[in-house]
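These are the structures in question, set out in turn.
Two complexes are shown next, each including chain A; its partner changes from chain B in the first to chain C in the second.
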Partner chain A sequence: MLAIFLIPAALCYTFGLMLGDRRQGWAIFAAMGILFVLMASVVISAEQAGTPLLASAGLDQTASPLQAGGNMEGKETRFGIVNSALFATVTTAASCGAVNAMHDSLTPIGGLVPMWLMQLGEVVFGGVGSGLYGMLVYAIIAVFVAGLMIGRTPEYLGKKIEILEMKMSALILLVTPMLVLLGTAVAVLLSAGVAGIANPGAHGYSEILYAFSSAANNNGSAFAGLSANTPFYNTMLAVAMWLGRFAIIIPVLAIAGSLAAKKRIAAHAGTLPTHGPLFVTLLIGAVVLVGALTFVPALALGPVVEHITAQQVDTEHVTAQQVDTRQVAAPAPSTAQ
Partner chain B sequence: MQPSSASSSLGSRFILRALVQSLLKLSPRVQWRNPVMFVVYIGSLLTSVLLLLPQAEQSAMPIGFTWAITLWLWFTLLFANFSEALAEGRSQAQAASLKNARKNISAKKLASASRHAALTLVDSLSLRRGDLVLVEAGDSIPSDGEVIEGIAAVNEAAITGESAPVIREAGGDFSAVTGGTQVLSDWIIMRVSANAGETFLDRMIAMVEGAKRQKTPNEMALTILLVALTLIFLLVTASLLPFSIFSVQAAGAGAPVSILVLVALLVCLIPTTIAGLLSAIGVAGMNRMMQANVIATSGRAVEAAGDVDVLLLDKTGTITLGNRQASAFFAAEGVDLATLADVAQLSSLADETPEGRSIVVFAKNEYGLRERSMKKLGAVFVPFSAQTRMSGIDIGERKIRKGAASAIRAWVESQGGAFSAQMAASIDDIARRGSTPLVVADDAKVMGVIELKDIVKGGIKERFAALREMGIKTIMITGDNRLTAAAIAAEAGVDDYLAEATPEAKLALIRQYQAQGRLVAMTGDGSNDAPALAQADVAVAMNTGTQAAKEASNMVDLDSNPTKLIEIVEIGKQMLMTRGALTTFSIANDIAKFFAIIPAAFVSTYPQLGVLNVMQLSSPNAAILSAVIFNALVIVVLIPLALDGVTYRAMGAAALLRRNLLVYGLGGIIAPFVGIKLIDMFLQLLGLV
Partner chain C sequence: MKALIRPALIVFAALTLFTGTFYPAVVYGIGQALFSQQAAGSLLKSGDHTIGSSLIGQHFSSPGYFWGRPSATSPMPYNAAASSGSNLGPLNPALAEAIASRKAALLALDPGNTLPIPVDLVTASASGLDPEISPAAALYQVDRVAQARGLKETQLLALIQSHTQGRQWGLLGEPRVNVLALNLALDQLAAQPAMPSRDGIEQ
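So, the complex of A and B:
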């Protein structure tokens, strides 16, 4: 897990070093770090809490000297809850994709977080290089709005953010929602898409959403339940995978070229500092707000519905057979891991 | 520029006109210019078509609900149009008063530059650049131009709103006249400097009317961001239809989400608040400039003003009161103060410069010397010239002179006189204090020194401190020597100074700062300022200044108040801040709207989603309608903020950001929760849902 994060995290420091202002690198690192810790704790606590579905099936999920407790479905006992949940977060925060537990069997909230981390465009450390530039695009957006709020033409790292930068950033912002939402929309409408679903109901929809989120940003692995090795999914996911990379790289290069050609402005009291806690908060806010606003409706129909359903199982004491539509059997083999 | 424009904006006729305008602006050609509102436009058309379809074609929605949503979508558009019309209306009122000044008049065109040359009466519109025109008392000045002969009192109230007449005379910095103003006394011969339709007044009217208002670069960058958000939300809502169809199949309950609800969701999510008010904010920014009696030649200039980080300020008139005043006499050895005062007064009797007058006044107040008549003394005035750098009087053979130390020294020494070390020391002393030493000599004898003191304007130091806080560097420009300049710079609290400034030195200084990537603003009035004004990013010419200075500038201050530059920067910043604040508010609003609409739209498929209805809205339809109504009303509520701008306080960037994030970010998250709930309760109260 450390190796997965090593290079992308170190690149933040390199970034600061190259700028001749390490604080800039640390600010980016802090924003990524805070997002990661928050997300990892959500997954860990969701998994440790277990699921009412298993409880209603008569399984004991409490932690005790004899067992780790929590949702152990699809997890190896040698890894337990924390290592599995942490790995799931790390692998989707960074552009890795290797797994040590079955993501399809995570609790709804535990599954939502990895999915959302990918949908953000993999900016929480992310891929080697791609995580950093993804985050820098969010920084440009954050600085643009913040710059306006203090009454100045926005600037980042001494370079003015103008029309070209905004055009390219806008294109980049559009890529992930377009691939993920449109891809999922096509898949749920066509019989070829629906055919791959292993679990009926909201979870089946989550599987497709996860597949497209992963293809466009991560390594293209599906929630294990989805039978993705079909001509339909192979084609759709390949297109998503291709555009999810190059449709972002090209505008990023355009921004880089344009910024490099600009005069560097000396910082002074009127300049918005981009290294303090305020900027880190702002950056996290931009990532979360754009990410949330874009994917909340889609997530609401998948994992959120699953989660509320499961909670209501608990409160209403409905028997497991009536509600549990998910296969509590052994996890299906992963398709693309 | 009638100051009443602000209050007239509240007039009922004014609002009525804006209402009519907002209906006219529903034309697709107008709507197309604002991409975000155009999406609302298409959405409104779509739901209107739904209304026309037979009942069976529609979804299960009650017809009243469809009507209500459709009406409120149209209201959203109308409210946005209304804000723009209101801002434009203010401008048009100002333009109307300017147009009155532009009425066609007949001009007395001269064949040559002489009062007695052949004279033809022509229409002012036929005047061309270079034509010579005689303007006499009572006549209106037919076009912009330069006085080449004569002197006259001119009423420039039509342009400046200032009723006190100003003097315009040939030569010097007060030779420019503006078309539409009126000569009150005497006569002038002017050379026309602008063709009809290109005069200052014409440009002002075009600006004020904003007919060809172009989007500023920053406004365009913001529009791109808003369009990107709109496209994202378009994707979000469009993909919800297939998601919903699938979910209905999967859950086996409810009906797919209707087009009506999707349109409502889309309109609520896209940043309509900022997009609807964006145009009004731009027009209002220009209006505020005009209320400050500044005419900007483009919106771009107003925006650049907000970005300025170096201010070049002329010492005289901006930092110090216009004129230096005599504040002390220092006699040379062997001369008593009373004698010095007597000679100093004699030397200044005919000197009409403010400094000269102040010496006479000082001699009278401090030494009881009454003013004497030049005629009775048989004295001849020797005016100041650039060669001698002295002025004074000759009484018979006796020559009394006053001037700069170096000039008097040369003059005295050429006559065999001596310039004592004690004199030189007191001259240095005075200069170090930031005052100007003026040496008085009676023939070959140095009598003493007059200290002319610069009076730093009250409160200016605090303003510079505020500017520093905003990250703006102030630089004082003066023709004084370094010593004098340093002392005044320290007293006034500017960051830096340019002493012994020549037009070339000013130009070089501006280029030097621009090379560092800074934006420079300056004011100027003389023709020698023109190159520097043309180079500066924000150049404000004084209305009293020469035509060359005005042409080189991108703003003209009608009050000719150099301190105005500080206000201009604040107005520019305020415009950008208003945009930023409303963008943040608009995006932050979406969170509450999600909580209102998502559960409402899908609760029939997944009843579990009802727990997301945290506002406890009475019914799904009420929730959607309340969100749409809130979305429309918030535009109306924010119109005053868009027109007047967010309050601006001089503080550091981080502090300002923290404050605005709290008010517009956090406020933007909370306000819609409260607003939507209140609208829902109100709808329930009326029994509409």
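So, the complex of A and C:
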């Protein structure tokens, strides 16, 4: 896990070093680090809390020195909950794709976070190089939003952010959501797409959403129940994978070229400093806001519905248990498809 | 053109030699010299007979052995040629059914056991080849194994204690018990009285 993050995290420092202002690198690192710690905590606590289905089966899910407890379906004993949940967060925050637990069997919220980390464009450390440039695009968005609020031309690192940079940044922010959301929409509409689903209800939709999120954002992990080795998914995911890389790289290079050609202007009274806690907050805000607004509806149909259903199953079961102790959890309604 | 092709070919040949021959040979040499037991597959032996690997779980289903994690590999559990998890979602009715039947299997051989069942003993592992169970899952089975073997519970508790592996550096991973090693030790312990069936080990 350390090795997965080592180079992408170190590149933040490299960035600061190359700018001759290490604080700029540390600011990017801080934003990534805060997002990572928050997301890892969510996954760990969701997995440790276990699932209502396991609880209603009368199983012991409490963590103790003798067992990891929690949702152990699809997890290895030696990794337990914490190491499996941490690995799931690390592998999807960076564009690694290796897994040490089956993501398809994660709790609804435990599966939502890895999906969302990929959907952000893998900017929480992310891939080697691609994570940094992805976050720098969000930095451009952050200074632009801040510039709008105070009514000044936005600048980043002494370079004016103008129409071309914003057009390219907007393009980058639109490409992967388009690939993920359109791909998922096409797959759930066609019988070839629905045929691959392994789990009933909202979870089946989550499998498709995860597949496209993973393919379009350079990951390799999967809700592996989905039978993706079919001509339909191979073609769709290959296109998502191809555009998800090059349709980002080219606008990023355009921004780089345009910024490099510009004169560096000295900081003045109206310049937003891009190395302090205020900027780190703005940057996280930009990531969360753009990520949340783009994917909340899609996530609401999958993991969120599943989570709410799980809670309902729980309540229903408690009532049902008084009548029949052997009754098992009811299937999730297929509202999402 | 020639000036371009020559260095390309030289680099190609050099990299092929380095990454295809030199590097694997060095890694192989280090593995054999310093970690020969691990390089051979961490094999466990009983006398001269190789029983299995401490890293690959095996299927135990007789009451006289400690059972490992349920395995979702196909076509049979613990198929080391097709590592796989169940991929069942947290609400899938199939998961509830699988857990109910695993619970029933445990309780059928151990009807008097009123301890809560540790979650890892009835949920499938990620690999389907998990060689370990939690100490709680081992303790849960003491009652059944002791009865089937005619051993004292204190003997089994001591055996589990000595086979419990803590966290790596006290931090990484979870405490665990290797099922195959535990069952081998169990066979040794039970060697004096009449030997029960060895269905698990023979696989």
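Just so it is clear, the second predicted complex is superposed on the first by the 314 of 337 C-alpha atoms of A that agree within 3 Å, B and C clash if a C-alpha of one lies under 4 Å from a C-alpha of the other, contacts with A are read in each partner's own complex, and residues count from 1 in each chain.
Heads up, the rule we're going with is that a residue touches a chain if its C-beta (ideal position, glycine included) is under 8 Å from a C-beta of that chain, and two chains touch if they have at least 3 such contacts.
Bear in mind the structure is a predicted one, so any value in this text is a computation, not a measurement.
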Touching partner for A:S227 - first (chain B), second (chain C), both, neither: neither
Partner chain(s) touched by A:T309 [first = chain B, second = chain C, both, neither]: both
Chain B versus chain C as contact partner of A:L278, first or second or both or neither: first
Partner chain(s) touched by A:G201 [first = chain B, second = chain C, both, neither]: both
Touched partner set for A:F144, first chain B, second chain C, both or neither: first
Partner chain(s) touched by A:L173 [first = chain B, second = chain C, both, neither]: first
Partner chain(s) touched by A:T51 [first = chain B, second = chain C, both, neither]: second
First (chain B), second (chain C), both or neither touched by A:V188: first
Which of chain B and chain C A:S41 touches, first, second, both or neither: neither
Chain B and chain C contact sites that coincide on chain A, given as residue numbers: 200-201, 204, 309
Interfacial residue positions of chain A with respect to chain B in the complex: 141, 144-153, 158, 161-163, 165-167, 169-171, 173-174, 177-178, 181-182, 184-186, 188-189, 194, 200-202, 204-205, 263-266, 268-273, 276, 278, 282, 285, 289, 292-294, 296-298, 300-301, 304-305, 308-309, 312
Chain A partner contacts - residues on chain C that touch it in the complex: 69, 85-93, 95-97, 99-100, 103, 116-120, 122-127, 130, 132-137, 139, 172-176
Of chain A, residues touching chain C in the complex: 50-51, 53-54, 57-61, 64-80, 82-84, 99-102, 104-108, 198-201, 203-204, 206, 223-225, 306, 309-310, 313, 326, 328-332
Interface residues, chain B side, partner chain A - complex: 217-218, 220-222, 224-225, 227-228, 231-233, 235-247, 250-251, 269, 303, 306-307, 309, 468-473, 515-518, 572-577, 579-581, 583-584, 587-588, 590-591, 594, 598, 602, 606, 608-609, 611-612, 648, 652-654, 656-658, 660-661, 664-665
